[in-house]
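Each of the next two complexes has chain A plus one other chain: chain B in the first, chain C in the second.
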Partner chain A sequence: MRTKWVSIMCVSLFAVLFLTVSVFAQQPKTIKIGAVYPLTGNIASTGLDCRRGAELAVDIINGKYNLSLPLAKTEGIPNLGGAKLELVFADTKGEPKNGMSETERLITQEKVVAIIGAYQSSVTKTASQATERLKIPYVCSDSSSPTLTERGFKYFFRVSPHDAIFAKDQFQFLKDVEKKTGKKINSVALLYENTEFGSNVGKYAAQYAKEFGYKVVADVSYPANATDVTSEVGTLIKAKPDILMHASYITDAILFTKTFKELNFTPMGITTFAGYIEPGYLPAVKADGNYIVIRSTFALDLAKKKPLIGQVGELFKKKYGVEMSENAARSFAAPFVLADAMNRAKSTKSEDIVKALLTTDIPGDQMIYPWKGIKFDPKSHQNIYATGTLVQIQNEKYVTVWPFDAAPAEVIWPFPPWRGRK
Partner chain B sequence: MPEQLMQQIVNGLLIGFMYALIAIGLTLIWGVMNIVNFAHGDFLMVGMFTSFWLYTLYGLDPLFSIPICTLLLFVMGLLIYRFIVSKVMAGPMLAQLVVTFGVSIFISNLAVYWWSPDFRLIAKPLLSGTWDISGVQLSIPKTVASIGSIVTSLFVFLFLKKTKTGKAILATEMDREAALLMGINTERINSLSFGMGAALVGIAGAFLSTYYYIYPQVGGVFGTIAFCVVALGGFGSISGAFIAGILVGLVQTLGGFFFDPSYKYAIVFMIYLITVWIRPQGLLGW
Partner chain C sequence: MQNVMTKQFSYIGIALILAIIFPLVVTNTAVQHVAILFFMFAMMAVAWNIMGGYAGMFSFGQVAFFGIGAYTSSFLLISYQVNPWIGMIAGGLVAAFVAAAIGYPCSDLRGHYFAIASIAFGEIVRIHFNNWKLVGAAEGLSLPMLDGGFKDFMFHSSKLPYYYIMLAFLIIALIVCYLISTSKMGYYFRAIKESHDVAKVLGINVVWYRLIAIMVSAFLTAMAGTFYAQYVLYIDPESVMLLPISIQLVLISMLGGAGSVMGPVIGALVLIPLSEFTRIWLGHRGTGIDMLIYGFLITLISMYQPKGVWGFFTNMGKRAK
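Up next, the complex of A and B:
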């Protein structure tokens, strides 16, 4: 009697299992993509922003939208039976060790087929070591340290420009602005946070300063989580540079801005990387952020020349109630690049995706960035078309000011003194 | 150059007084209960957010919200002690270590959940701007906060030395069993000092919010420095924490100025290591 019951139970259990499997098999399957971002910790606000960008991209791929983005007009990935993408998020807390362990967890336990994200270059560095070891493609569109694509990794691809490109842009801007205003620039001071991102910017900026003929009068690095930066600013004031070039994350950007004002540090211009363009920065410092110049790959005012930017910006605002920021815009790219590759590969196998990524050729009009397109260098896997622009904060808004011929707004130069501003 | 040097000394003092004020609450809790309050930085964050919300919702300037912050943090400290910390006081050392750590994670994540991870500043505080004293820039909010720190520290010092309750706290700090034998209700002293420690960091939070940005993880950075200050000054010593706070502030800015700013925290912690090597009990500890 007992054995009979057991066998009935077994049979029905198998039946149920079999049914569920076949039900799932009929629906278009979902493809899991792992997204590692700093969702808590010091730069959690940035992580949230990146998360939103990636989520909106996946929404557009999965749904039907009348936009010129890749796979927007179809639902899911057509060549994989309309399979939908699913983002599986993992929290790095902004720390490299978590970047690696969370990436490993996503791959081995969540069975994701590819990885995106990380934002901080130091975290991307360790996370991509995990993907390289486990042979899973990693498409990064939000970390900017040049070394990431100098390692010859087989599975790592970068869509966005890196800091060597950005640093060169900034010096080119200085040359251009000298010509435009007739105000001679002789010296620059370099200020950078001391992890992977900042120190690399420092390195490249020093190199380009030499190349462009500017004297580096101060070279200051600092920990990004400093509570007080008066000694750093003191060192800068002592050096009396014409230009300050600053690579920072957000907390230090806020702290430095306040300290510049407090100690009345007024060079001819302040050009910056990263921290000053994060969505938390302007609400925190308000008008004190005015006239600072920041490297960028995206700005909503470029919509005048490229309507797609306006359309995506609208969607973002409708979904999250805030303006799309540069970070969100950068993280927005990776899911499209991956989806496009999987669609062409007609597969979700690592080797097939990598092969397809190498032949990626997304034209400029299918993107929200001012680039010619997306095409990866066969060796470094860096997008060869990625370039930067410069924005300036004017009246508490980011406006594109460089390259001069493409920019909708005029740069305000030199940097007006702190005292006596309205 | 002398002007720049003066500026750095002034800056060092201004940040040092703030470190001191934050550390005093921590050293009090540590001294009395032998418990490391890992949630101290998060108490600071709660204080800062309290004054931020009082300002944003009711237009109350941080200067006037100090009494509210103090009271609120006192009650919060009391409750956390009564319902969480006191339960593990009799337990193993590890449980005591872990419990405040848990409280810390809970509070900071609750803050992310309630208030989002965004950075906030008090838009137009009553105190703002700088005084220019023959070329040396003196930040007004930082100066007022420093005065606040001195007054508060003095007050705590006198409270401990002159009042009966204060003496009871000191007695418990020195020898718990002897204090118990003398008829001191050490359980009451425990909860009182936990509440006081929290209230003190609440005052620090209100002052800090006049010039520093506020976000859920702000406690982490200040908390770490506060631990260093307390250990440097001597466990449980109020005057030690005060002096060590100023010392750390000065070393940080001057070290950064004379050497390279990237070494400034290395210099701070080196001085701490040397002190511990020569005087393990800290500068004024016993």
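Up next, the complex of A and C:
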């Protein structure tokens, strides 16, 4: 009796094994890509946004879609026998040491062939050190610290613009708006939170202010978790700047907006970074956010001039039930760049992918960003075409207003006084 | 008594042999990383224990020493190409000096007041580093990738050297703690912990011995800081000076059993793998369930084993007899 059971067990086990093997043999193989994001912890909601962007990108690469994105019309990666991409997610909790250890784990245990993500620049820093040590390509499209591409790393590539580019954009915008409206701008005030992100923006903004010939009349830094900013705003009012440039996260952006209104701080224009475009900002300040200008790499209203943006935005909304945010749109880029490189390399070997990445040349019409394309600088590995756009909040909506020739809406300038607004 | 001692030593011997063999058997680098973190936090908790568990100074500012250690060696390496091993000693000395400078004026603070002062100290140091341009301010310091090897305190291809170095550091800390606890000084510390005034009346130089405890603790913690910098190769105030690290050290020591040599090690053995593995297994779902489990277990232990896990073991041992 017992031997009979054992033999039945053995036979069925073999059958199952055989079936799985044959099923695997028929399916094109999958290629694993590691994605490190802050999926829990205090910026988990941003991490989720990034995750969704990357997931949608992989869906489009793996399936058949009638979109002008790279590899959208074919299933999987054609030159690798239609191999599908699979994202393996890892949680960093936003801590640099986890960025390192999770990247190492993904590479050594999960056998991923490339890494994307990290969002926070400090985490990207340690994660990319791990890929550099283990010689695995890393394509980043969501961290904006300029230092990341100043290290001369061989395996690290960045698709999106960094803070120095964003800072330069804002000054270019000031020059353009001066020409357009004929209103002279003389001085700027710099306001920034004091972690790496804000202080970097402050540093580059000061540098570009000099280059573009504007006088910096105030240079104010503050901790992002401040609960009262009356004295900071007081300093700004005293300095009487024409323009306020503000680099913030979200809670401080809300606090400052309320304090600006309360103390009636009305410069000619307020141009900002990051915090003012997070999904939670507008619901918190409503109409008080109007007329503020923010840097962005993406805006859904660009769909008027670039239908692809609308199509992708639609897919995103259908899948997740929310509008595609800027963070999701940024993370959306990296899987395409990697898939395109692997397709041209016809290989998933690290050295081959890196070689292919160096010859990446994706034209602008195959992307959802307002750039000329994607092409990496041979030394720094920064995308040389990456630029930002500027959006302005008008009627409690983000509309793209700069560069003027590509923007669907007109900028409202100067900033109307707080008192007497409807 | 003799018997108990030899028994304890044989347990420690077995644990040591296991620790040495472990990474040779388990080659999974993710697990090795967790083990390295375990040693690192255990070492810092042992250092905390000298101050908190023995001398009764509940420090919530320990992370400042960790950060000072990390920053000193990294800064010296980047700006003056000083070897990290020498940098580590320098970091320890700087931390001990700072500890003395802050410990002296605080030498009359007791209980809660000391804890509050230590939080303030940790935060002041963090804010200062966050704005100090010379050491990279908020941007932090990125360590250069040296060739690698024991001389450079940097290893690129394998985690084993980091593992053994950190294990050695932990053993050093344990030996220091053991020597203190069995010496006269250890008894002075306990006396101070029980009652400041009684200790004073007994003729113990309270200020002096408290300073010694703080300085030894700071030196050891700073060593771990240098190790962290050499291991992760990037430091900023957000990752090496944040209050939660201090709290974690207190938690580890209390959970394991403060005031015993091995208690903090046991605490770290429970808490560090717990938090790391729950994140690795469950974190990627983004549901935060790992934090829930972590918190639940801490609550359980503190409800049913307020003396710490080490207390649980010693109780078991007594009952068995």
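Assume the second predicted complex is superposed on the first by the 395 of 422 C-alpha atoms of A that agree within 3 Å, B and C clash if a C-alpha of one lies under 4 Å from a C-alpha of the other, contacts with A are read in each partner's own complex, and residues count from 1 in each chain.
Going forward, a residue touches a chain if its C-beta (ideal position, glycine included) is under 8 Å from a C-beta of that chain, and two chains touch if they have at least 3 such contacts.
Small disclaimer: the values here were computed from a predicted structure and weren't measured.
Quick check on the chain A-based superposition: chain B and chain C, clash or fit?
The answer is clash.
Where does A:Leu255 make contact in the superposed view: on chain B (first), on chain C (second), on both, or on neither?
first
Is A:Ala44 contacted by the first partner chain B, the second partner chain C, both or neither?
Both partners, chain B and chain C.
Tell me which partner A:Asn200 touches in the superposition: chain B (first), chain C (second), both or neither.
Touch partner of A:Asn200: chain C, not chain B.
In the overlay, answer first, second, both or neither for which of chain B and chain C A:Gly280 touches.
Touch status of A:Gly280: first partner only.
Using the touch definition from the top, say if A:Asn66 reaches chain B (first), chain C (second), both or neither.
A:Asn66 contacts neither chain B nor chain C.
So, A:Gln109: does it touch chain B (first), chain C (second), both, or neither?
Touch partner of A:Gln109: chain C, not chain B.
Of the partners chain B and chain C, which touch A:Asn395 in the superposed model: first, second, both, neither?
neither
To test your reading of the overlay: chain C has the stretches 168-176, 294-302 or 312-320, and exactly one clashes with chain B. Name it.
With the two structures superposed, the offending stretch of chain C is 294-302.
Show me the chain A residues, by the header's touch rule, that chain B contacts in one structure and chain C contacts in the other.
Correct list for chain A: 40, 44, 47-48, 194, 221, 223.
Would you pull the chain A residues touching chain B in the complex into a rising list?
Contacts found on chain A: 40-42, 44-45, 47-48, 194, 220-223, 225-232, 234-235, 237-238, 250-251, 254-255, 258, 262-264, 280-281, 283-286.
Going by the contact rule set out above, which residues of chain B touch chain A in the complex?
On the chain B side, the touching residues are 1, 4, 7-8, 11-12, 15, 109, 112, 116-121, 123, 130, 137, 139, 211, 213, 215-217, 220-222, 225, 249, 252-257, 260-262, 264-265.
Flag every residue of chain A that touches chain C in the complex, lowest number first.
Spelled out, the residues of chain A in touch with chain C are 39-40, 44, 47-48, 51, 88-91, 93, 95-98, 100-102, 104-105, 108-109, 122, 125-126, 129, 132-133, 145, 147, 151, 194-196, 198-200, 221, 223.
In the complex, go through chain C and note every residue touching chain A.
28-30, 33, 37, 127, 130-131, 137-140, 142, 145, 156-157, 228, 232-234, 236, 238-239, 279-280, 283-288, 290-291
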